[in-house]
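After the structure tokens below, expect a handful of questions from me.
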Amino acid sequence: MTYLAKPKIHHPSLARNALGFTRRDYEGAISTLCAGCGHDSISAAIIQAFYELDVPPHRVAKLSGIGCSSKTPTYFLGNSHGFNSVHGRMPSVLTGAALANRDLIYLGVSGDGDSASIGLGQFAHVMRRGVNMVYIVENNGVYGLTKGQFSATADKGSKSKRGAVNSDEPIDLVTLAITLGATFVARSFSGDKEQLVPLIKAAVAHRGAAFIDVLSPCVAFNNHPGSTKSYDYVREHNESVNFLDFISPREEITTEYAPGEARTVVLHDGGTVRLHKVGRHYDPSDRAAALGYLETHRAAGEIVTGLIYLHADSADMHDALDTIETPLNALGDTDLVPGSAALVRLNASLR
Amino acid sequence: MRTDVHSDVRVNDFVVKFANVNGSGSASANGLFARAILRMGVPVAARNIFPSNIQGLPTWYEVRVTGDGWRGRRGGVDLMVAMNPQTWDKDVAELEPGGWLFYDSTKPLQPSRFRDDVTVLGMPLTAICNATYTDARQRQLFKNIIYLGALSALLDIAPEEIERLFGEQYKGKEALIDANRKALAMGREHAQQAFACPLPIRVARSDRVGERIFVDGNSAAALGAVYGGATVAAWYPLTPSSSLAESFGSYCRKLRTDPATGKKRYAIIQAEDELASIGIVVGAAWNGARAFTATSGPGVSLMQEFLGLAYFAEIPAVLFNVQRGSPSTGMPTRTQQADLVSCAYASHGDTKHVLIFPEDPTETFAFGAQAFDLADRLQTPVFVMMDLDIGMQDWLTEPFEWDDAKRLDRGKVMTEAELEAGRDFGRYLDVDGDGIPYRTYPGTHPSKGSYFTRGTSKDRYARYTEEGPAYVDNMQRLLRKFETAKSLVPAPVITRASKPTRSGVIWFGSTGAAMSESLAALELDGIHLDRMRLRGFPFVDAVADFITAHDHVFVVEQNRDAQMKSLMVNECGIDPSRLISILHYDGTPITARFITREIAEKARVFNVTPLRRTGAA
Amino acid sequence: MRTDVHSDVRVNDFVVKFANVNGSGSASANGLFARAILRMGVPVAARNIFPSNIQGLPTWYEVRVTGDGWRGRRGGVDLMVAMNPQTWDKDVAELEPGGWLFYDSTKPLQPSRFRDDVTVLGMPLTAICNATYTDARQRQLFKNIIYLGALSALLDIAPEEIERLFGEQYKGKEALIDANRKALAMGREHAQQAFACPLPIRVARSDRVGERIFVDGNSAAALGAVYGGATVAAWYPLTPSSSLAESFGSYCRKLRTDPATGKKRYAIIQAEDELASIGIVVGAAWNGARAFTATSGPGVSLMQEFLGLAYFAEIPAVLFNVQRGSPSTGMPTRTQQADLVSCAYASHGDTKHVLIFPEDPTETFAFGAQAFDLADRLQTPVFVMMDLDIGMQDWLTEPFEWDDAKRLDRGKVMTEAELEAGRDFGRYLDVDGDGIPYRTYPGTHPSKGSYFTRGTSKDRYARYTEEGPAYVDNMQRLLRKFETAKSLVPAPVITRASKPTRSGVIWFGSTGAAMSESLAALELDGIHLDRMRLRGFPFVDAVADFITAHDHVFVVEQNRDAQMKSLMVNECGIDPSRLISILHYDGTPITARFITREIAEKARVFNVTPLRRTGAA
Amino acid sequence: MTYLAKPKIHHPSLARNALGFTRRDYEGAISTLCAGCGHDSISAAIIQAFYELDVPPHRVAKLSGIGCSSKTPTYFLGNSHGFNSVHGRMPSVLTGAALANRDLIYLGVSGDGDSASIGLGQFAHVMRRGVNMVYIVENNGVYGLTKGQFSATADKGSKSKRGAVNSDEPIDLVTLAITLGATFVARSFSGDKEQLVPLIKAAVAHRGAAFIDVLSPCVAFNNHPGSTKSYDYVREHNESVNFLDFISPREEITTEYAPGEARTVVLHDGGTVRLHKVGRHYDPSDRAAALGYLETHRAAGEIVTGLIYLHADSADMHDALDTIETPLNALGDTDLVPGSAALVRLNASLR
């Protein structure tokens, strides 16, 4: 539970969806993240999306690694099974789960450290395999849970709260996912529900590996150069005791902007990110074009958001493996055990 | 060089060793040699000694023809088929005095390269091949069949058995059958002309093979997994475990393809590494499928973190560990039993795991199937501890058996009906006092029985907590569960010596092959030992009882650090001074000769055979 | 609620506990509280109990004011500063009868929420802040300083000491110093008016602190690495080890920046994970730099394969393992000593590793430096086994010392000159009989001394071979090397009881903090125990001798599975029945009370105190 | 040692380079790879390149993972220290070595399984870090040493000797290396010495992370669909005993073609690869263009070879870390140990 004021998830009404579930049925435990953490906004978007999709909550399996982001599955879909696995290895656990029962919806939640640093290998290979899932990275460029070190998505040259400067090339998970064969690749911003909720819904509907990179500012440690030149008790205080002694509760950062537009979002500490939303006429089906589009905007200092690449009628892992329609975890003795007669023949062939 | 006549004929009791070059086609020819003798009803113990290489390095195949049906290596060689110039000196040196040396005499060799005390059988194989075949690759390939022919004449092996094997092996490929027949005949004729056939060491038809089958442990394990109901396999290639996963694939294609749809009732993923393999297994098992991975030491090392998670999150995962020489970059093609500690206590923190130790392919099949019941029943990882000797060598072993009355035991899984009926569900609640809680499969019930899976920091109802007492409560339940495991793993096999004795011997796994022969020898030597073959960890009380019932107990292991002894001392709290280690760890399978010598020596020191020694006084 | 007057004054001997909310600024205020008391010459033992969370969850800070200078937790609380409504009931319950409860009385609370047997000290902190400050964050931040002021009045803590600390902490930030001064005064005045100050529990200036310093073990280890000559650090963030690598960075910036060029005499890589961290350390050490990583259990699990390689390839690598609650996803912010087995026998196959066990930050500094000499001398990984209690808590401990005469021992490294002079170089040649071979750094000599590094499959001259005898030869040398290690690791500290006794006690690491206090209590209770504090693995013979010299030896450990006992039984071959385990593993640091109770109980059972009991008869 | 005829490395002369070394001084032990293995051709190219570069052999450190490819460092530069580390983790070991002594030349040799499967994470992060090295992947699309399973670079749909079909998206290490920030990225073919030797020399000269992907046919297991329809004793034999009992000794496959040209190379089993060599006027300095070029040719079924991307004056890891010029492993007590005086001050600050 959390003990500082934070934006509650609102319930304008107790409206019910086609299955008769209210939005509450898609909620989880109360968040223990920092007030104003972008991850909470993403949890809200996930709740909204699944509510609108009319999915029975218990037919979803939530899997995550380790991190503040990976904690969030506790805060949504309380009636789904969840698995907080080990750091950076959620993709393999999700793959196994997906093999065991092809009938559930698999939602993988991870962080940039969890997926781009320790987990890069598994991230890459799960995309290649076309596992039927929605894979969300709550991307804040830092390791939140371990107190603000750089992750592999941190911009080159950015400065950490401790003053360290990042010298490594940042990893763009969207570019990576496309080159690795993911068939649904999107990016959004935690505070942009208008864009994020529909993307999550589309990702769930997609058959195959769907990846969404969600920029999600970290209240406590976000690593953009602090620009508040004004005198600030708290900053000065934290600097002098040189650890994060006091964390100011914040409001979540929200933004709304139209397709085709670019928008500069100011973060809690005054840093900014410039987002560019793909336009209505953008064609996500051309892989080469998508990569070029990303590269040009990157060069222009813009981060592209929206559905960036889509390979619509793609085959998933089960198609490739040609597994039976019945979930493997539902097969019984007779389906599985060949019995003694077969064994007699086998023995004979070994003499 | 001498070629005098040997008087003493030895029927069905000798060792032939083939020295070849890797990738030269000798493997299949040598296999035919062993199987032809089996078809004559004569038991063999055959072992392949191969390098970590694909083509060009030395490789050996050792066939012990043993009417008595001993399964271990004897040590020493009676007939050396020296086809590899590069290892010539070493190979010649390995021959027993009075032995036979068969070689390709096309190029003349210095007399100094031979030995006076062995009979040399030279045959111009290359010359024959060059005269007969034009294609270079055929010359190489059929050279093997020609020496096979020669050996059949020298050792009195029925050619019709070999030809029948050709027929089976090249079924439908008449051209190949023919060509092989011709090569075989060529070899036989040449030998019959050149040498006094058969040699005093020879094969005579017998009925000692019976129902037994000739199979490797990796295939047996794979088949066990099929019968154990495994549906998900995730693996990463790693010698000597790769062929286990690969044969699971071929058995599944045969036995698990849905006749109606032609679709698969199984899924096999060749993962990107071992961390992913075990992760996939954990995810699948968490979600209610029976899942396994096959690996070896280096893989187990990479899986440590996940194994800790599986222990605490209580996930039924099955691991086949085909042990090899350590470490990662060493001795991958050699056998060892050196991963006991790294498996029994896998992962950081307080963890203990269930291990089972099959002794041969037959037991590997049975344990391979049983492992999945154990894992589901105990909701914890289960290791099937094999080794390269069991896994990759063909063993003459009892046929596989299956009781059709048996049902898969899926353990404590709470159903939708039970939940609907309002049965209390606490993921970590010890309802039955055996330390084993109930679990639910994801997606079972709309509003009941779902839970969030974590390592620790949880209470009996899987709610998040960092409270000390909740942690201790859970850790103690896990110990109770481990107690329960003792009675579920395969019990040790205890047999008494023919005479009452105050000494005993303990062994496990592939060591059994050499053990029985050694024990027989020791009895002749007047050393009587009660026997216990360990088959499961944690240990039932019978293990401690056996040890405390004897003054001295020998523990035979194929590792340097006496790892099984450590497990027994730790878990049974017995005085280590009672346990005398017999350790073999050079990477070759332990031999009866080695065990007998070591035990006999130490027995005297530890004064194990008072009766005999007083008698001698 | 009662507010009666306490007669018995207790000076410099009580426990104050702060219950706060994570990220609310209390940490620094509470730190000032402890340090102000130290500045008065009065020892404290302070501990932070924090959740795996960044902001919002409960966190506690416990300060034991102890004129006697005990370093462990006492157990029980005399004054609770209850600033967290969410944990109110638990906090109130923890108070000793007759204790004091300080809280924010702005919102009135039900009488039922209090206890009759404690004195309640209510102060309207929120009201005061709201009246004084407009900015919400200032209200929160200075609330902490206000209660600090109140406590200084209640416990007679010299305000000038606190103000001096303000001055040091906010050096150059006058505005902050001022604001904090005001808040402090406000708290003092309010308390002086509202309560009878000081309370019977109070602080009086003393001289018991002396030269000692107040520092955490992670900083000490980092400083040790600087003095030990470490130049390469590779790490991956992992609580509770992160601050070790981070302070290495800050110390290096101060102490290792080249004055001339401003360039760095060190390199620190925050790697992508623990496999990469240890890989970098192995590569750097192989290439002649002193390299280390700092990690915790989960990291050690991921490093297993590399640790096996380092053992066999004989690479000097240093690992600081700041042990925490297991497993990966559990209890990261709790302390344990539960990685002994996973470190001592890290990796598959036959492997044994060197461990050293510091008991406090002072020893952590010394061992942290020594670890690099040990690693270079032995050419093998060395683990400095810390835990969260040593690593992340501030300890009052002896000052760091360094002997300038001391030189770094780089071990057996053959130089270009020696090679040029034709000295025989065999990478795995046991020239001195101590099992330690010579090595060369890459790039040393144009034509001599280069070698190819592999796990095994090598002979004494590092040539590739898969021969059994070469393997055994190398494995036995590694055992000789481990023998040599016994005399090089820090020796156990053995002290006799004040009276002759047939019983003993063994402990290691952070347990020492509670041990001395417990032993004093036990002596009063007539239970006399000879003491051995273990500091290194493998064990010198003195360890076995100590154990065999006693009928019963208690082994105090902070893990479930008695892992140190296992190591002693395995390596010393002693009868486990002599060893009586005292196990504490709920994640909190072990207390003197716990040890005393457990030992006293078991002592009776095991009849450890015959004298006393006959006396009682 | 190897016991079947195989192409020997020729010594037309015992010519000496500027340092007076003969080519022999750059050779190693005799290869134990299969006769005709592409990896042996690469070893020969490495020997040639270092000979021509006039590098003192002992100033090179050779590091590798595990695999047939990773074995090759034994077969060249016999006077250099070598490290056959663990599977897939050579990049981290090399990084550590490079930190310890910035004055040596670091040559990392790996395979496609070693770098693209188990090692993908380390491959990615070593490129991001700009470690000053030459990183060569001997790419045959299979796991040679473990007998022919697919690696992550195997083409989708390709068939293994055992008949298994690969369903995962292939990883193009060249594209990956460019997107991850490698500053010298090239590709070649084992049998094309004309192209490979100069590329290796340029890579050694480059400061920063230089990567060369070298296609290197596997005699024993290469995974292209066997096209020899003619009756083949050996193939039939191996099929019936269903393991690789006999491996036909082969000649190394060589090819020569001009810049700007495309060339189809026929492999040992009749399979083919189509190579396209970048033209003389190709500009490797434009990152976006390079990625596009690769993507278009990929679509056309062509594999681009040559120097594909180059960021000339790039900073390496040591620049980023600002480490001292003296190799860290050469610093002595006085450089490293602050001494007791500093300690006294430190103690004082902790009271």
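Each chain carries a letter (A, B, C and D) given by its place in the written order, and its residues are counted from 1.
We adopt the following convention: a residue touches a chain if its C-beta (ideal position, glycine included) is under 8 Å from a C-beta of that chain, and two chains touch if they have at least 3 such contacts.
Values in this document were obtained by computation on a predicted structure and should not be read as measured data.
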Task: Pair sharing more residue contacts (C-beta pairs) when A-C is set against C-D - done: C-D
- [ ] Going by C-alpha centroids, which chain is farthest from chain A? Tell me that one.
- [x] B
- [ ] Calculate how many whole Å lie between the centre of chain A and the centre of chain C, each centre taken as the average of the chain's C-alpha atoms.
- [x] 36
Open item on the list: Could you work out how far the Cα centre of chain B sits from that of chain C, in whole Å?
Closed with: 45
- [ ] Would you pick out the residues of chain D that each touch at least 2 other chains?
- [x] 84-86, 117-118, 120-121, 125, 129, 152, 321
- [ ] List, in ascending order, every residue of chain B touching at least 2 other chains.
- [x] 52, 272-273, 298, 305, 309, 328-329, 454-455
Open item on the list: List the residues on chain C that touch chain A in their complex, please.
Closed with: 21, 23-25, 27-28, 31, 52-58, 84-86, 135-138, 140-141, 169-171, 173, 175-176, 179, 236-239, 242, 246, 249, 270, 272-274, 298, 328-329
TODO: Using the touch definition up top, name the residues of chain A that touch chain C in the complex.
DONE: 1-4, 6, 32-35, 66, 68, 84-88, 117-118, 120, 143-147, 149-150, 152, 162, 164, 219-220, 231, 233-234, 236-237, 240-241, 243-249
Task: Residues of chain B that touch chain C when the two form their complex - done: 51-52, 297-298, 300-302, 304-305, 308-309, 311-312, 325-331, 333-334, 336, 338-339, 341-342, 345, 347-352, 454-458, 466, 468-469, 471-472, 475, 479, 559-561, 563, 566, 569-570, 573-577, 585-588
Task: Touching residues (chain side chain D, partner chain A) in the complex - done: 117-121, 124-125, 127-130, 152, 167-169, 171-172, 175-176, 179-181, 287-288, 291-292, 295-296, 299, 320-321
Open item on the list: Quick check on the complex: what are the chain C residues that touch chain D?
Closed with: 38, 209, 211-215, 223, 226-227, 229, 231-232, 234, 255-256, 258, 261, 263-269, 271-273, 275-289, 291, 305-306, 309, 313, 399-404, 407-408, 440-447, 450-455, 464
